[in-house]
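Each chain carries a letter (A, B and C) given by its place in the written order, and its residues are counted from 1.
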Amino acid sequence: MSPLRRFLRTPEAVAGAILLAALIAMALSASLLFPGDPQAIAGPPLLPPFQDWSLPLGTDRLGRDVLAELFHGARTSLAVGLAAAAAALVVGAVVGTLAGFAGGLVDEVLMRITDAFQTVPSFLLALAFVSVVGPSLGIVVIAIALGTWTGPARIARAEVLSIRERDYVAGARVIGMHPLAIAFREVLPNALPPVLAMSSVIVAAAILTEAALSFLGLGDPNRVTWGGMIAEGRTVLRTAPFLSIVPGIALVLTVLGVYLAGEGIVETTAVRRGLS
Amino acid sequence: MSLLAVSNLTKRYRRGGKSITAVDDVSFHVDPGETLALAGPSGSGKSTIARLVLRLIEPDAGRIEFEGSDFLALSGATLRARRARLQMVFQDPLAAFNPRATVAHVLDDPLRIHDIASRAERPRRIAALLERVGLTADLAPRAIHEISGGQRQRVAIARAIATKPSLIVLDEAVSALDVSVRREILDLLLDLQHQEKIAYLLISHDLGVIRSVAHRIVLLDAGRIAESGNTRAVIDAPQSAIGKALLAAAPRLNRTAQDPT
Amino acid sequence: MTTLASIRNLTVTYRRDGTEVVALKSISLDIAASERLAIIGESGSGKSTLALAIAGLLPASARIEGHIDWFLGSTGKAGAKAPPSVLPDISPSRGEIAPSSLSSPIANVAGDEATAKLPISPLEGEMSGRTEGGLIERNPQKSLAKPSQPPFLGRDIGFVFQDPSASLDPVMAIGKQIAEVARTHLGLTWPQAYAKAKHLLERVRLPDPDSALRAFPHQLSGGQKQRVAIAAAIAAGPKLLIADEATSALDTIVQAEIVALIRRLVTEDGMTLLFINHDIALAAELAERIAVFRHGRLVELGTTAQIIGAPAEPYTRALLDAHIGLDAKPLLNRAGLHP
């Protein structure tokens, strides 16, 4: 059975994939369905949902279209989540591979740096970084990656330590391959599966961290974010709770979708490895 | 002049605060085009010597001279370049290759690294190498894990001869193979030796295999040389205790099951 | 010669990713009580599948047709006078009776059309609770006085694997591992079981059995670990000892010691030995009979002298010719090279 068919037979994986597909569709169609500035005023303030069908989810305190904000917010969440997770995985895999393969002093130095990053809570690190450098999309991505690359680094290093003792690494040395080529062409690809298995958790965590930063007003001020929407709605929580609940539900479904789809992929590939 | 001259080689390991001497003051030489067998029970140091000779691990003392120059003095790019002349075939051909590799990939590496053939020329070289070891060129795109154990060991030999080495270390290279395949691989190795004048350092615990392919033998016991000499002479009438024990333990076909009394 | 187990039309199929691989094709073979039988074959011959099938250790995904009839008897003199009973019928893991076993003419030849067919999945055979109540009398009029119980691993069958590290628990003292087998199957108290374990370690000639009882597997050499694995395998006094490539990971000297040990233990206890191996010379040193397997089929079966001295099948001859022994003609001369 192909991995794809096995994936499609796992109900939670399919549910995750559907949620994720919906999110991506929202992000891609945002500027088509809601051209123009989502932060522009579209109607009377604090219009509740399902009252006016040109504004299905109502408007916020300033009269902005909540549905348009939701669609544009999906872009930010997805972009930041994926970019931060990708940066964390790449940096972590490279650092972990170098440390595990080189050993000795290089390993010692790289792992002490990893320790230093790991002892600081990752959210505090992101918070401090954004407050010092100033909020923008790129800075938020770097801030989140700063706190999350250590996990992939440790896993990659542990995997590399076992792989480097295998015969095929000795074989690569015997034919005269350069140590860096051995590390990145022979060892790293085989150390990746357990690192990639973490990616769904990292993406989900990155999306949540981004939302939390935005909630605290440290997101990119020029972009709509779900965290920012929740923060906006907080001031009118008693009179218009939907303003916090709608983006909150979107956030929960996104994180759930990413996690379920990621787990589904890990599960199906693990089954394949177990059989071969 | 010897192709490989090893003198006073010593390697110690530290384990739990204790120092274990895995290889203890071992000296031997290999002449061009000959097969020298290193034999002994497990823990005798024969595989450690193989790894020392290949510079996969570094000795604590001793000299290794290869093709007339000090092999231990080489490092970095000069060592990597010289590795073309000293190759290895491992015991388990599945473990000896990157699990993601294809046959073509495995054979492409040495040709590329040592600049033996241009990118355009390499597919033809790979096909020629496969044919040289008794395989067909259509095997090239197959994944390493898809082909049989015997085919895999032939690919390993093709990779070892790709850089035209003068010495190949055979680390238990036939002991994991089925008996019928083992015979074919030994025939191939002897044929290559005959045609290309390649010397072998054969690491094995199988006295039957050693006796049928090696010119000379070095018997090791607990990291030291117990006995050495002409293969037939040593195996037919061993003088050392370990030689006698190995001989007594070797299974023989002409005996039949006897009830112990 | 009394029969301990009679294998009839045994076919084992593995399913992997939608494709079916037939590991054993319609094997019929009798194992005599107290004999030393070697199963010889190259990789893919099905010899290990046969060992697992006999021990009831096949994975649940394997499809099994045919059956194995056991004549265990109640005493050490295995089934000498007891009427044959057909137990257990190894059938597909769902517990259905394999159609082939109902129609098997050979099963009828065994003189018992009304045999109790015990549908037993391979893995259930391991569970001790299954034994007593598991026997289903399908035909009350049958003449069986007392059918023998189905065998189960540990008590009736001892199994020694190739890799002793994989079969021993790395975090349990070896004395406890052996004592546990004796306690479970012989109903001993812990002190009795430990005394038995110490006696077993003496029997497998482990140096200093007293301190070995408290040792952990990683403190022992490969050969010593295999001695411990053998001690655990024979702890409950099984009638059948299966050694599946039990010496293949060891060097020649240790291999010879383990083979000598197995021979001595089997003879002393009157056990039946099933010696699964790829090395025909080693098998010839230990076994009275040799069965040669290839591609899941039984190619040739005979006494060791017959198989070695006068093989009937070309494949057996090829295997013998391929053996490179100390008396083999050196290959060097043929290549034109003289040592």
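What we mean here is this: a residue touches a chain if its C-beta (ideal position, glycine included) is under 8 Å from a C-beta of that chain, and two chains touch if they have at least 3 such contacts.
This structure is a prediction, so every number in the text was calculated from the model and none was measured.
Here the chain pair with the top count of touching C-beta pairs is B-C.
Among the remaining chains, the Cα-based centre furthest from that of chain A is the centre of C. Chain A and chain B have Cα centroids separated by 49 Å. One simple way to say how far apart two chains are is to compare their mean CA positions; for chain B and chain C this gives 35 Å.
Between chain A and chain C the centroid-to-centroid distance comes to 53 Å (mean Cα coordinates, whole Å).
In the complex of the two chains, the chain C residues touching chain B come out as 36, 42-43, 222, 250-257, 263-264, 267, 278-282, 284-288, 304-305, 308, 318-320, 322-332, 334-337, 339.
Those residues of chain A whose C-beta lies close enough to touch chain B in the complex are 166-168, 170-178, 186, 189-190, 276.
Listing the residues of chain B that touch chain A in their complex gives 51, 54, 56, 80-81, 83-84, 86-88, 90, 92, 95-100, 109-110, 113-114, 145, 159, 163. Chain B contributes residues 41-42, 149, 178-183, 186-187, 190-191, 193-194, 205-209, 211-216, 230-232, 235, 245-257, 259-260 to its touches with chain C in the complex.
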